[in-house]
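Shared chain: chain A. Partners: chain B in the first complex, chain C in the second.
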Partner chain A sequence: MEEKVLAILAALNPDVDFTAETNLIDDDILDSFDIITLVGELNDTFKLDIGPQHLLPENFNSVTAIINLIKKLQAEG
Partner chain B sequence: MSLTSPVFFLFLIITLFVYFTVPGRYQWLVLLVASYLFYAVAGIKLIFFLLLTTVTTYFAGLLLSRWKNKTRKKWLLAAVLLFNFGLLAFLKYYNFAIAGLNLILAPAGFALPSFSLLLPLGISFYTFQSAGYLIDLYRGKYQAETNPAKFALFVSFFPQIIQGPISRFDQLAPQLTAPHALDFDQLKYGIQLMLWGYFKKIIIADRAVVVVNTVLDNFTSHSGSIIAFAVFFYCLQIYCDFSGGIDIVRGTAQMLGINLRENFRRPYFATSLADFWRRWHISLGDWMRDYLFFPLSLAKPFYKLGKRTRKLFPGKLGKIIPTSLASFIVFFTIGIWHGANLKYIAFGIYNGLLISFAIVIEPYMKNFLQKVQINPQGRFWQIIQIISTNFLVFIGRYFTRAASLGAALQMLKKTFFFFQASAINSGALLDLGLTKLDYLLVLCGSLIILGVGFAQEKGTSIRKTLEQKNWAFQWALVMVTLFVLVVFGIYRQGFIASEFIYQQF
Partner chain C sequence: MQKITDLTQLSGLLSPFLQKGVFTNNFLMLPDYEKYLSQGLLYYTQTETGVLLFHRRHTHWQLYYFLKRLNASFALPQDKPTVMEIVSRANVDSFASVLAFWEKNGFQNRLPRKRMQAFAPQTKLAPAREVNFARHGDAKAVLELIKASFDPYLGCIPTQAEIEQKIAQGEVICCKEADKLQGVLEFARKGNTFFIWHLAVSPQFRRQGVARKLLAFLSALMQREGKRKIQLWVQTTNLAARKLYEQSGFHDDGWESAGLLYLPKTRKE
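The block that comes next holds the complex of A and B.
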């Protein structure tokens, strides 16, 4: 799962080392346009339904946070 | 009651005194009474509209927290939002719409009556704030406030009701209802912030406005260079007026022990137009992002459109079309919110187009920079970006300041095709309502703001730096600022502290 998420992130911005960043949103590394693209890709890849209510900084600040969100949504089914 | 009026100071002193005298558990009641008193001074009848929003939002909030059925919740949310935004739109645009309808109806001999509707103070700001609360409840972010009086305080909190910042319930409400012991540091920081705000407003904005109005209310008789000069002053005016007003609001709240969110982050250092809008009126931008842009972009029609455009245009363009469309709608909404006028719509389109364009050309720009060996992270490129962003913002300001879209285009035409640089000379400038001393004050004031901004961009905390100086220096600084404000501000003949621009929205 992590590899897939990293690949999606790398397509957004190849210059960022996403494994090291823990403040992707708070440091403005990902802007709102990136978030929308990211959510679209995550929804497609993992068959999820990420909605506006999930778009909180704490869900997208790091790769770990993103993976946790995916797992949470998959568990909710 | 204007934030620059002596009545406000008296009101604030009494409020502070009572607030810090009563037991902590009653402090929020003092704030509620003060907030409604403050509102009543603006117009006692207008409290009706404030109450209408408070009551509808309060009960809808309770139901949204209680109900489990998603469809029911959705309908309730839609109905209450429609009601409150409908009220805002009605009060804001009724006469504009009637004037338009009457134009159409005139040949048939009909005429609808127009009313002199007074816009309730801060209606946009408390409506946005209440709507955000409801949407958060719908999304299950937190539980509804059950105490109606505490909720009423969240909607009406007096310093911020005039022009924001638009706060979030989970950040503001707990602070409003918590007990606050008198804290001299908070009091001092609050006063410092207020003084900084008054400095921006009274020393710069209230001077710049003289040139702006003299030239732009009668722009046909001025050459392009003088118009450009006045629009530049308008940029100064609107920044110092709005951010100064917010500083006063935040300073006031801080004296009460309440921290309101920042609304400006040195926008004149922005490196792109998108960056500018992330630094300007931040609380409105965040509101639009969370409650309009995100839901729109993630809505099914946009999602489907995205799939189609990605097939049609592989690469960045295909991905960006639906998101750009959503951001267009956001800018359009912000434009319409400023006023029912074509110039605001044009302003929205101008910003939306440029921001989308910047994203599309980003990869090409990167290649170009690599070829000419310019480091995109380097100082040189950053300065170029800051200058070009300020230029784009400057052009955008023609739209917001001009009386109409037509006037804005004519002003732009004059600036670009009939510039006549020689028209800017000391004789002409001194004919615009300001003296040499006034210009000097505007210049020095702007340089101070720029200097402080530069230090803050570098990560310096002005507050902490001041803290490290001895108390004599700190007091001297406060006294000098007060002296400057009194001598060159409030009591200077011929100048009356004007209303804040954003109060009208």
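The block that comes next holds the complex of A and C.
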């Protein structure tokens, strides 16, 4: 799962070491204009239903946070 | 066009479109949606291949689109203008196609812009004595200068209450001489970044270094607060402004945008 998430993030911005960053949104490393693209990719890749209610910085601030969101949504079925 | 009453309704509308390959200019996060919903300002219209969200503003409608294909046609509001911003990394092929689609639907690209940023602005100026944070009593003059300097629909013109709040937050800087407002810089703090929303100099004080003084103040503030970056959008055709920013250490960061305006058919501008 982590590899897929990293590949999606790298496609958005190949210049960033996403494994090391923990404030992707708050530090503006991941652009707000990228979030909706990221959500589309995650929904498509992991068959999720990330919606407006999940669009909070804390859900996208790091790879770990993104994986936690994916796992939570998968558990909710 | 129908009003969206709550987050559940909004989620139901958007869910089919939060997928790979959908064309969208949306960058709203949950707090934005919650704010607009609580104020009753969010509306929508839809077809089989798309949904348009409209945020009702005082002077216009702000449009956010989600489109599976660029072949739909929509009835747009006729009571006031509709504006939208399309943002993209430079040289993305779909940017031109999306622009062409909306121009075919009656929009004009009124405000093409580039994004610039600086990590260590080279203002070369010590903060000048005539530059300081705006005070509550400056709000009216600040707002008048911003209104006179920016597009009425696409210029993100704040309300009087919003500018008063920005002044209270220490996010408005003024250059004044003998109580006469020469220039203003309005910005926002987010994380490690300062975002410049408006930088305007009164016409009779242009070419006198006022903008550089304002940038020098912001640069000093950036160092004092330990911020890392200043970011702004500049009109592509405003060569004087771009030159000023380049000389102050800013560079294009690879993002561009188009500010699109649709005027109702009965309205003349």
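We adopt the following convention: the second predicted complex is superposed on the first by the 77 of 77 C-alpha atoms of A that agree within 3 Å, B and C clash if a C-alpha of one lies under 4 Å from a C-alpha of the other, contacts with A are read in each partner's own complex, and residues count from 1 in each chain.
Note that a residue touches a chain if its C-beta (ideal position, glycine included) is under 8 Å from a C-beta of that chain, and two chains touch if they have at least 3 such contacts.
If you're wondering where the values come from, they're calculated on a predicted model, not measured in any experiment.
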Regarding the shared-chain residue A:L9, is it in contact with chain B (first), chain C (second), both, or neither? neither
Touching A:L38, do we find chain B (first), chain C (second), both, or neither? neither
Touch check for A:Q53: first (chain B), second (chain C), both, or neither? both
Chain A residues touched by each partner, larger count belonging to chain B or chain C: C
Taking the contacts chain A makes with chain B in one complex and with chain C in the other, which residues are shared? 28, 31-33, 35-36, 39-40, 43, 50-53, 55
In the complex of these two chains, what residues of chain C are touching chain A? 7, 10-11, 14-15, 18-22, 24, 26-31, 33, 87-88, 190-193, 228-229, 231, 255
Of chain A, residues touching chain B in the complex: 28, 31-33, 35-37, 39-40, 43, 50-53, 55
Give every residue of chain B touching chain A within the complex, in rising order. 139-141, 274, 278, 289-290, 293-295, 297-298, 303, 306, 319-320, 323, 326-327, 359
Within their complex, chain A touches chain C through residues 23, 25-28, 31-33, 35-36, 39-41, 43-44, 49-57
